[in-house]
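Heads up, the thing below is written out as structure tokens.
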Amino acid sequence: MNLPTVQFTKEQELFREEVRTFLQQELQKGTFQTKCDSWLSGSDPAFSRIIAEQGWIGMTWPKEYGGAERSSIDRYILTEEFLAIGAPVAAHWFADRQTGPLLLRFGTDYQKNFFLPKIVKGECFFAIGLSEPNSGSDLASVKTKAEKVEGGWIVNGAKTWTSNAQDAHYMVTLVRTEPVTEKKHQGLSQLIINLKSEGVTITPIRYLTGEHHFNDVFFDNVFVPDEMVVGTLGNGWAQGLAELAYERSGPERILSTFPLLNEAMEELKRQQDIEGLAQISKLVAELWSLRNLSIGVAKVLEEGGEVGVSAALVKSVGTKFEQKIPEIVRLLLDVYPQLHADRAVDRYLAESTLHAPGFTIRGGTSEVLYGIIAKGVLAG
Amino acid sequence: MSEMKDMIIEVVERIFKEKVEKETVDLLEANQWAEDVWQLILENEIHQVAVKEENGGAGGDYEDLFHLYRLVGKYAVPIPFVEHTLANLILEFININPHTELSTVHLAAKPLELTAGKVSGSLDHVPWARYAQKLVTLATEKGTQSLIVVDLKEAHIENHTNLAAEPRDSLQFTDGKILASHPLTEEQHEFLTKLQTAATVSKMAGAIDRAYELSVQFSKEREQFGRPIHRFQLVQQHLAVLAGEQAISAAALENSIALLQKGEAGDEIAFARLKLDDASRIVATSAHQVHAAIGVTHEHRLHHYTRRLWAWRDEDFHEKYWKKQLAKNWLNSSNTIWDVLTKKKQVEHI
Amino acid sequence: MNLPTVQFTKEQELFREEVRTFLQQELQKGTFQTKCDSWLSGSDPAFSRIIAEQGWIGMTWPKEYGGAERSSIDRYILTEEFLAIGAPVAAHWFADRQTGPLLLRFGTDYQKNFFLPKIVKGECFFAIGLSEPNSGSDLASVKTKAEKVEGGWIVNGAKTWTSNAQDAHYMVTLVRTEPVTEKKHQGLSQLIINLKSEGVTITPIRYLTGEHHFNDVFFDNVFVPDEMVVGTLGNGWAQGLAELAYERSGPERILSTFPLLNEAMEELKRQQDIEGLAQISKLVAELWSLRNLSIGVAKVLEEGGEVGVSAALVKSVGTKFEQKIPEIVRLLLDVYPQLHADRAVDRYLAESTLHAPGFTIRGGTSEVLYGIIAKGVLAG
Amino acid sequence: MSEMKDMIIEVVERIFKEKVEKETVDLLEANQWAEDVWQLILENEIHQVAVKEENGGAGGDYEDLFHLYRLVGKYAVPIPFVEHTLANLILEFININPHTELSTVHLAAKPLELTAGKVSGSLDHVPWARYAQKLVTLATEKGTQSLIVVDLKEAHIENHTNLAAEPRDSLQFTDGKILASHPLTEEQHEFLTKLQTAATVSKMAGAIDRAYELSVQFSKEREQFGRPIHRFQLVQQHLAVLAGEQAISAAALENSIALLQKGEAGDEIAFARLKLDDASRIVATSAHQVHAAIGVTHEHRLHHYTRRLWAWRDEDFHEKYWKKQLAKNWLNSSNTIWDVLTKKKQVEHI
């Protein structure tokens, strides 16, 4: 597999500088605190509105919906800077990464006009309803059912592992709109469900740290109007697949534990530990290599190319790298991992270690990705 | 191995199985602990296992005690059993009568300073200090290292926890009275570091036992894509890896204890500690991957074991400490690796 | 899985000392040169006869067949010392490890009386004929056929990957004595074939280094007399399985690259490289741990226990460790791996690197072992 | 990228595909090499690719040349193409006319000693020296480092090979005449180490390309237990791992070359080298495991690529060298990792 190389333009470098300066100022002001894995576990609606004020949500979208029509490379840079500094961007993350592109591609004019401007303003957050209780990696085994009624659909069922549903206003929900047949990928549709609707119950699934990022969402005769069907009825599986490339190849699959790596390097520099610096250089080299790959996929994606396999590949290798950082760093420094430690490196180490198991599970387990990649290379 | 071992192990495992529910372990997160289980331990005099008979104990041996530590790890029991019994074992080692009051021990830090019978300085990550009455730790006076006993009323205590929510408190002493002190030779100090390390290895081996068992069980019960997940080769690979690490960890523990018991424990305690560090990483990774999303929820008990492994591997005398010690030993040794592994020198000295 | 611990007795320690002293003397005399992976790639019939003179072939076997009736722990010690010093023991290896125990368990009096004394004297070497062309890991798909004739069997077919057939006198050969049915494990038998028989052709399979350790062995109407059937007709698969425990848990699954580890440590000591010594200590710890396991299995085996799963486990973890040694060592020292290098560490590194791929393939691939172990733990 | 690149790459790949059979690569083991392929290279003036037009070359650029090196790795071509062209590239860099005679280059060793225009000392592992006429290497005179050109007739040559049977000879010079010398600044020296490293990275990426392709192909053709092996999850895992390392290696190479071409290559060349070291190990391991027993035979061509990867990773400026260099850079740098990765300093200087 050969991916394009990307050399950033001077304008792009300046944009990066602008973002970095802004975020560093906010950090110093105390608007947020650096955290590892902040794109998933750092939901802060107030911070998301600050980002919106900069014009940094939906920045690639058409101006008519409030976007800035900037390139996806600019968005890539923005995202990298969020991750590198560990900013709490989880609240608007899914709407920006997945829902916007989905609606721009498949949405009705009504949906685009209604949702996109709100998302851009940081006033409307989305969750993604895909997994169901007991479905695990077998995403197509959807049991949540929508039955046709006058003017809309009645939804019954449940979704699970929905990141951030507690802060979200809506959820793009994969439901079965036709009876299940042999081909379980068929007859699925995407509905936008207002999470404040009658019949919706959201209950937290606590992460092993006790933190609340995931939710069970139950639907008990929830009415969803016809205009909230996204794209073509019965085409939900294919539409959902298209989102996965955005979900799997982004910098969030290589940088979740970057704040730890960065802090460890600074610590080794302070200690003038030449042997430790030699060893940590290997991780920097690996990050440089993975970043080339991730940016290459972003470039293909921007040009409309097919990236299903290469995105799966970035996620599969990148998340293993994210997991490796705490395991290497803890042996290079004297550490005592604690979530509330005074020393940053101990705090980041605790966050990285405790969140690491999720990296190779969420968004497609490594086992599922191996199969996708192997089938891709065998066909290619 | 002492004759009573099998019986004690059986009794204690039954207590832990019956009394240590998931909710019991979760107590720590509400700043509580399993006081009822501790009462049962006291009532059954399990805490006296390795205390000499002349000191009112049951006269058990290292093997008994370390196998109980393994059970504490295996059931993630939120009681200061390891700390209290290890403190007493160490007191006996320097001929001080064991405590009946709840005691804890902390050796792996910068020692406190001792001046004219008063102790000053701070200690971080002291296990269970907030609940204990007595602390066994190290102090130096004019370059001489001593083991000291101090009443925890003398300390300013700040509550902290490790990754598994276990109490790991910060202590501050300012001219605190000590209850006893005993100078340590370098050999004695080294032996104590081994004892402490073997205790940690025991706990870790127990947590590994359980993470492995939970994974096997889960792979039988969980279905995906229409069949039990253990039918998938990639899950079988995880199970094989887990089985390997569990077996190796158990063997490392058993061999360490056997050597301690025979008074022949050399570098092997360090080897065991290094191997368990690796095994902890591998087991936590594979166990979570087998359990997938369900295993990272607070509701599932897997994290009781993986969080403990992540916490314990960086506590006490850890991999970094022992690698440095071993490197120093090699530096000035004419022994080859094979000499060390086969204990050739010992044979020569017979 | 909990395996017994073994504390060697004083007598056992003295025996180890005796073996070590002897081997070190032979090394100094130049009788052999230390090599990595010498138990498979170091066939030296003359050296095997020297070992036989010491009474160290078949040392656990009954005295009536020339054995010394020593314990299998003594044999374990002997084997370890061969491996630690990298002595060329491949010629008699398979007869000592597998054929002897097989015949003692299943052989006729004639077979025991005829073969065992010869093996003990280092005059009779065996190869094992198991894999066939294209059968790979699917060992039961045996096509080599034995047809009953007056007084014996006529064998046609071929075996492949037979280690050391070029130096061996006989081969224990798994053949099909009944037509193949659904259950392909049935109808297989073990025949001892004289490799000097008419119709036997041995052609070398060169290893990737160009060395000759493996062979194709072809049978063209080879007559095998009835008295050369081992054990029960049709029971060949079960008899062969019993051998595998001996084959998989021995010290040769953890020590194939030990000479490199040992030499690297000595080099680091000479260089007084404290950081390198700290890092290599981790490998020593791992070796100590694996050795406990391997000795534990040997103990269970001696006591007649079931070790199929634990032996598979030793091989699976142990061979990965053997592969890891060259990968770690090369980054701790300044090296230039060459098969004919002046410096021992460069030579051992070359041998270890080039032979490493075979470790996780021969004697059961890691992939096959994972399946065996998983089935074992799920059942247990 | 130069316009002629695609054409050249196509022509050369066709030559290699047609002319480099397994037997061609095996020639090295009989102390021979592919002289016919080298003749074709000369006839097509491929060896002139990156030589400036004023020096009679084709005026290609780094990108052209390094992509050809990748092909040399991909087909394991037993000719001194990399060595000869790199020697000439370096000569041009210091304004010496490129050689038409077969030349080789060796920079990564203790330099020779230069005294009054005569050179002494020894060099190990010099590629293709036995076949070459000229050598480009380093020498020091009173602490000043120079690039020198020397006729190999001046050397006593002892034949040796690397793990892949490629010629890696030992040379001994005693007051050898030099043909040219040119003092190097530290910056120039550093640039040359990067050039040499990028050349090695290119070869390695090519060998990785091929080991990956062979594995995919084998997994389609080979059957076990009644089905193609690519249907087994564990084989799919190997294929996914191989695909990952191939893609990463290719991207590391492409990005390195692009930066070299733009004159902006900083630590990235070292990063690429470090990553390719890792990738070599992973690819060799997985490719052999997919191929199982068949892949470790001399008859199968997989070892042409894995043996080269094992050899090349320890040659020239290798992982150990670059890790030390990087550590020195970090030690005195106020840049964070993120600054380095995003080349923040460069922006500041614009």
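Should a chain be cited, it is by its letter among A, B, C and D, assigned in written order, with residues numbered from 1 in that chain.
Rule of thumb we're sticking to: a contact is a pair of C-beta atoms (placed from the backbone, for glycine too) under 8 Å apart; a residue touches a chain by one contact, two chains touch by 3 or more.
This one's a predicted model, so the numbers in the text were calculated from it and none came from an experiment.
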Set A-D beside A-B; more C-beta pairs touch across A-D
Chain centres from averaged Cα atoms put subunit B and subunit D apart, in whole Å, by 51
Taking each chain's centre as the mean of its CA atoms, subunit C sits from subunit D at a distance in Å of 39
Listed in rising order, subunit B residues that touch 2 or more other chains are 232-235, 237, 319
Residue ranges of subunit A touching at least 2 other chains are 275, 367, 370
Among line, ring, star, complete and other, the chain contact graph is other
In their shared complex, subunit B is touched by residues of subunit D numbered 232-234, 237
Residue set of subunit B touching subunit A in the complex reads 29, 124-125, 160-163, 222, 224-226, 232, 234-235, 281, 284-285, 288-289, 292-293, 295-300, 302-303, 306-307, 310-311, 314-315, 319-320
In the complex, the residues of subunit C that touch subunit B are 1-3, 5, 7, 10, 13-14, 16-17, 20, 80, 84, 258, 261-262, 265-266, 268-269, 272, 274-275, 277-279, 281-282, 284-293, 296, 309-310, 313, 316-317, 367, 369-371, 373-378
Listed in rising order, the residues of subunit B that touch subunit C in the complex are 216, 219-220, 230, 233, 235-237, 239-240, 243-244, 246-248, 250-252, 254-255, 258, 262, 268, 270-275, 278, 319, 322-324, 326-328, 330-331, 333, 336-338, 340-344, 346-347, 350
Per the touch rule, the subunit C residues reaching subunit D in their complex are 131, 136-138, 161, 205-210, 214, 323, 327, 330-331, 334-340, 350, 353-354, 357-358, 360-362, 365-367, 370
